[in-house]
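The structures come next, written out as structure tokens.
Next, two complexes with subunit A in common: one pairs it with subunit B, the other with subunit C.
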Partner chain A sequence: MSDIIMIQAHHLTKQFPARPSSPAVTALSTLNLTVKKGTLTALIGPDGAGKTTFMRLVCGLLQSDSGSLSVCGYDVQQSPQAVQDRIGYMPQKFGLYEDLSVMENLTLYADIHSIPPDLRQKHFRELLDLTGLSPFTARPAGKLSGGMKQKLGLACTLVSTPDLLLLDEPTVGVDPLSRRELWHILHTLSEEKSLTVLVNTSYIEEAEQCQYAYILHKGQLLADGTPESLLQYARGRCYAVRVPQGMPPRFIQSWLLDDRHVVMDAVPEGSQVRFTVSSRQLPNHLLLQNYLPGAVITPVSPRLEDSFMILLRKAGSTEEETPGMPSLPKVPPAISGDTIIEAHDIVRRFGSFVAVDHTSFSVHKGEIFGLLGPNGAGKSTTFRMLCGLLSASSGTISVYGVNLRTARARARSYIGYVAQKFSLYSTLSVYENLCFFGRAYGLAAHKLQERIETVAGQFHLNNCLSMAAGSLPGGYKQRLSMAAALLHDPPILFLDEPTSGIDPLARRTFWRQITGLAARGTTIVVTTHFMEEAEYCDRIMIQDRGRLIAIGTPSAIRHQGGDSPTMNEAFIHIVETGRQKEDS
Partner chain B sequence: MNIHRFLALTRKEFYQMLRDPSSFLIGIVIPLMLIVLMGSGLSLDVKNLPVAVALEDTSPTARDALSFLNGSPYFSPSYVTSSKEAIALMDARQADAVLVIPPDFTSRLEQGHATVQILLYGIDATTVNAANQYITSGLQSWQSQWVAAHRKSARTGTVIVVPRQWFNDANTSSWMFLPGLIVIVMTLVGVFLTALVMAREWERGTLEAIFATPVRPLEIIAAKTIPYFCIAMVGLGLCLMASYYGYGVPIHGSLLLVFLSSVEYVFIAIGMGLTISSLVKNQFLACQIALVVSLLPTIMLSGFLFDLRSVPIAISLIGHILPATYYMELLKMLFLAGTTGPIVIKDCLILLVYALLFFCLSWKLTCKEVS
Partner chain C sequence: MSSLSLTLYHIYALIIKELLATLKDPKSRVILIVPVLVQGLLFGYTATYNLEHVPYAVVDEDHSHESAEFLSHLDGTGIFERVATLSSPQQISQVIDNQQAMLVLTIPSDFSKNLHAGKTAPVQTITDGRNPSTAGLAAGYVSSIATAYNQKRSGQQSLVEIRSRIWYNPNNITRHMFLPSLIPMLALTQVLILAGLSVARERENGTFDQLLVTPLTPLEILIGKAVPPILIGLVQASLMLCLVLFWFKIHLVGSLAVLYLTISIFLVSCVGLGLSISAVAKNMQQVMVYCFLFLLPMILLSGLATPIRNMPPVLQYITYINPMRFAIEAIRRIYLEGAGLSTVAPAYIPMLALAAVTLPLAAWLFRHKLS
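Then we have the complex of A and B:
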């Protein structure tokens, strides 16, 4: 590490003017930030924190409103081209030409940077070795997996041996295995070539691997420092409570989170629930102890995520006040062994490609069942088959005792479905949307009004019934989607990637709602790419390359994954051993 | 502008164009389809027009006067003996025109003032206008022969109009449409293809990555122009060959001028496409805007369908803002009339100004910024 400064932002401010569809936004507000040569720096924050705006300012792709920004010794506003000649920038979508092969993409970038032919061959070889793309040079970029695209994107930005590497959320939508490989490459570059790297990420654990981190929230800098020094915000405030046998960890988490003024954050993790408190010492009495008198609470060492959540809570959630949550029963309802969804030997082919290969499993009444897997593992296909959006090539699926093949419409009346994207009508009001979906499910007149009142109350939508659905903030939209899916009071709720793209605080609120729903007996099937969210489920199923490779309770999966401390590592372990077995 | 970077980007565009079926579709398949459809389907000519002839005068002279109806590809006559029956045929939609030969036709002809009546089914104005013309000219040409044969008894000095249409001798409407079709194909390829490919780069985020490199905006614009220029030229070649060989449209003027003006127009179209997509950055919107500002006006307002001298002044003014109007005028003149001289030079210069204007506009709008 040297003292040469690669990026220096001083009171940098960027505003986006109001548009008909959105109000004016201050993306960055008087930001001060420094990146020294040879360091690996992370910019972390929830969606909408201003991370991408900052990257684009650094690249000279946006004009700032005030303040100064110098990159590689140049004022970006004055001479953007000088900066662009010296940096490597990978935007969120990787910026690859999908019709061009791996080699053609690399060649294009080498030509653009005028790399001489002799040097070029050496760079290509090094980069292809580093990224493991050597066997795929002739393959079109569009036919690569998400992880491979990301590595090719990285290779393209590195062809020119830039002074500064900028990566905008390189790991979004990329599975844990590929994420780990990418970080391995970044460490190699940083250590061996002393490349300066600035990475945007919303995965806090990734920032722990950097030398320096900046935490952004709504365009404001909340804190900065080395990952070690950032732990000070959480030091002495982190505890864990043991989960008694037979109690779902999410209940304990909910009781903790309901203690809003004392508990800052709580997450289930294996056989315990980690939580942070607002004061430097554990309060004498926690709400939790009303429910769990003999709770065993032990202090644990802080993590960057704990600091992040504490800082975020202090800065205020991006959503308005968190709604009051449905109360939970004192004793969690036991999950009966009754099967509510049964998939028997299902196969789904797309042409010659087998997306789901001879898979059988069942979901029990009242449980939260999670579908996990790397990209392209077949989880979305399985999910769509379960809710009747896609028919199986062979095998049978029954939902609530109804065969999906013979009585799809009837099976559908038993399920509620929340799509990954917001799929309600943006221009209709909240109330109109609810009316429409209610009628679509066959509710009418008195019954419809009654159900709308119930779900609007349940999801705290009463004060925004007349607002256009499109103008609601993210967390509200999601609550509206859930309300619409539950109008006909289905016994089963399907949620496809419900927590992608919402900030961590809204994510906690969401799971608190789900816990409440499940406690009242609704069966929930959910897909997620946040591995830690598997901890909220009663049982999870992991797929890879179309095959079911693990199914069971989170602790059983953890055990199968070599007793890994985190779900992420357990997942990687299981997928890797599964592949080794298959390949040998 | 660095020539190596420019060539690298151009090569990339060619690869993408060749591998993407949609550019092949828009550049080659759609022009061919349009040529076939418009060349053979869209026609203002009338063939086999059903005519009911009320032959109230059955004299040989009257029959002789109508001989032009028989064996002509333009008419399929049916003969009745009263106008009532003929009108009944028209009411039954079995005749588009009724020709009434009154009982005193022969006697009045001897006196030099014979009349016949033509009744036309006025719903389809284009068809009946053509029918009217055909029947009138058929009768006139018979009359001129009759006058020549009966010079002794007839009064001399009757003025007989023998119309002849210049520049489209056979009055075939495909001759009129095909040069215009070239304008439409050039618009389609130039504006649509470029608007789409540029907007696609915005949508896929590839431009963002390219912007953060040493590439200059001019290189991006120029590299986008070349491949689509080539594909437009292929389209032009196809249209020219199909018109000349397939439909026998003559090219009376200079082929070089046809080519030169097409080059100018293709640059205009590509410049428009690039301008549109750098403004909206979204494929769907770019497509809609290209449709509204380029393709539809080219069809409706450039003199392709309607003569700009016979439309309301406001429409004519709008038409004269469009570069397509000048290209249309040029092509029609060059194909059918073979005109040379100041009017051709004037149109060529106007096109050149437009080409420079749109190219500069798209260059200036493609600044290396995202929003």
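Then we have the complex of A and C:
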């Protein structure tokens, strides 16, 4: 590491003017930031923090309003081309040509950067070896997995041998295995090639691997420092409470989170729930102790995520308004073990490709059931078959005792469905959307009005009933989707990646809602790519390459995954062992 | 609720939703009104084969009372407008070349002398052959004026006289034939595009999955998606009808009820095609391409602009699967000739037959392509 400064931002401010659809936004306000040559620096923060805006400013793609920004020794505003010649920028959606092969993509980017032909072969070989793409040079980019696409994007960005590499959320939508490989590549680049790397990420554990981190929130710098020094915000405030046998950890988490003024954050993790408190001392009495009098609470060492959550909480939630939480029973309801969804030997083929291969499992009444897996593992396909969006090539699925093949429409009346992307009618008002979906579920007249009132109250939508659904802020949209899915009070709720793209605070709130729903007996089937969210589930199922490789409670899965401390590692372990077994 | 009333309730919910989604979108609101007016007016003013304005020049070498009288017949029609009076035939090429005049009349110096002598008096017309059909029409008009002049002068009837009466369009104004045909054409365009986009738009916005997980059956969705474009098509047909009736003042001879029945049946036969396109197309862009792929041949093979009898036999047979052909024929007959239900009913058979093919096809595609 040297003292040469690659990026120097001083009082950098960027505003986006008001548009008819949105008010004026201050994307960055008086940001001071320094990146030294040869370091791996992380920019962390929830969506809308200003991370992408900063990168686009560094690239000279946007003009700042005030302050100064120099990159590689050049003022970006004055000489954007000089900067652009020296940097490599990989945006969230990298421009790969899906119909071109891996090699053709690389060649294209080499042509764009006028790399002399004699240098190419050696350079390409290095990049392909680094990214592990050598065996796939002839494969069209569109046929690569999410992780491989990102690696190819990285290789294309590196074709021009930049001095500074900018990566905008390179691991979004990438499964844990590929994420680990991608970070391995970044470390190699940083250490062996002494490349300067700036990474935007919303995964806090990734920032832990960097030498320096900046925490942004709504355009403001909340804190910066080495991951080690950032721990100071959480030191002495982190505790864990042991989860008694038979108690779902999410209940303890909810009781903790409901203690809003004392508890800053709480997350289930294996047989304990980690939480942070607002003061440097554990209060004498926690709300939790009303429910769990003999709770065993022990101090634990802080993590970067704890600091991050404390800083965010102090800066104020990004949510406009936190809806009232459904109350929880004092004693968690026991899960009966009655089967509510049964999949027997299901197979789904797309042409010759087998997306789901002879899979059987069942979901019990009242539980939260999680579907996990790397991209392309078959979890989306399984999920879509369960909610009747896709028919199985063979095998049977019954939902609430109804065979999906013979009585699909009836089976669907028992389920609620929340898609990953907001998928209600944007031009229709909130009320019109609710009316339509209520009617689609056969609710009429008085009953319909009554249910609309109930869910609108439950999800705090009363103030925006006449607004067009598309004009709602993100958090409201998700609540509306939930409200529409629960209008007919379904016994089963399907959630497809419900927490992707929402910030960590909103994610806690969301899971608190789900815990409340499950406590009232709704069965919930959820897919997620946040491995730690598996801890909220009663049981989870892991698929890889179309096959079911693990199913059970989070602690059983953790055990199967070599008693790993985090779900992420357990997951990687299980998938790798599964693949080794299959390959041998 | 019983299953039938539940089905009807579902369809009702879908129709309300579709209409709201279409009408609340400012972009589609514009598409509903403006093209009808623009196309209606454009076609009304441009699609006419009548010659209403013929600029002409004259070389009158006779300068007699008779020549002046003959020319006054021409000027009196209101169609011929004299733009130049030339003094010598050398000037003719100039006025024709720069398109100042479409026709030049040369009256020779012996015109009155010949007339008085009871001989044939030739008058020369020179027309601009770069536009043969207009030139032909103009020359035809001149000769019919000459015939009238002959009769008037000689005071005796010619031996054979053609008295042509054009039924249902006595003044032979082509606009009368064109404009009523636009009613089904514009409705077709809109219905095809609206129905085509309906599923593709939902698919692009991700709302289609949300729709498919509800207990709505594919058949309910199909009907719920078919009715709103038909309703909107009928509103547009009415808009066009008003334009024809009140702006272009073309009198509707037949019954309004039969006209609407015909349009409705026609739209039912088209909506199945639109929905089939919608089920097959992957996105809205594809829908537009498919729509134009169907629209152009449907319009060309409908007899809207060119008579079907002039087409090669193979194409004439193809027109039988084109609902537009029957719709245009039926609507012209109702509008201009006052044909009743019994007269136009046979045209319903091919239209309904087509609906009987395209609607189940759309239903099948919905079931197989959508899930």
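Everything that follows uses one rule, which is that the second predicted complex is superposed on the first by the 583 of 584 C-alpha atoms of A that agree within 3 Å, B and C clash if a C-alpha of one lies under 4 Å from a C-alpha of the other, contacts with A are read in each partner's own complex, and residues count from 1 in each chain.
Please note the rule applied: a contact is a pair of C-beta atoms (placed from the backbone, for glycine too) under 8 Å apart; a residue touches a chain by one contact, two chains touch by 3 or more.
Only a predicted model underlies this, so the values are computations on that prediction, with no experimental measurement involved.
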Check: Put the two structures on top of each other at subunit A: do subunit B and subunit C fit, or clash?
Finding: clash
Margin query: Between subunit B and subunit C, whom does A:389 touch in the aligned arrangement: first, second, both, or neither?
Written below: second
Notebook entry, point to check: Touching A:410 in the superposition: subunit B (first), subunit C (second), both, neither?
Noted result: second
Margin query: By the touch definition at the top of the document, which applies to A:426: first (subunit B), second (subunit C), both, or neither?
Written below: second
Margin query: Per the contact definition in the header, classify A:91: touching subunit B only (first), subunit C only (second), both, or neither.
Written below: first
Next item on the list: Scan A:437 for contacts with subunit B and subunit C and give back first, second, both or neither.
Entry: second
Margin query: I need the one stretch of subunit B that runs into subunit C once the two models are overlaid. Options are 1-9, 109-117, 181-189 or 235-243.
Written below: 109-117
Notebook entry, point to check: Considering each complex separately, which residues of subunit A are in contact with subunit B in the first and with subunit C in the second?
Noted result: none
Next item on the list: Over in the complex, which subunit C residues touch subunit A? Could you list them?
Entry: 1, 6, 9-10, 12-14, 16-17, 20-21, 24-25, 205-207, 209-217, 371
Check: In the complex of these two chains, what residues of subunit A are touching subunit C?
Finding: 387-391, 409-410, 412-413, 415, 417, 419, 421-428, 432, 435-437, 439-442, 444, 468, 484, 494
Next item on the list: Report the residues of subunit A in contact with subunit B in the complex, numbered from low to high.
Entry: 56, 59-63, 80-81, 84-85, 87-100, 104, 107-109, 111-114, 140, 153, 156-157, 160, 166
Checklist line | Interfacial residue positions of subunit B with respect to subunit A in the complex | finding: 2, 4-5, 7-9, 11-12, 15-16, 19-20, 204-206, 208-216, 368-371
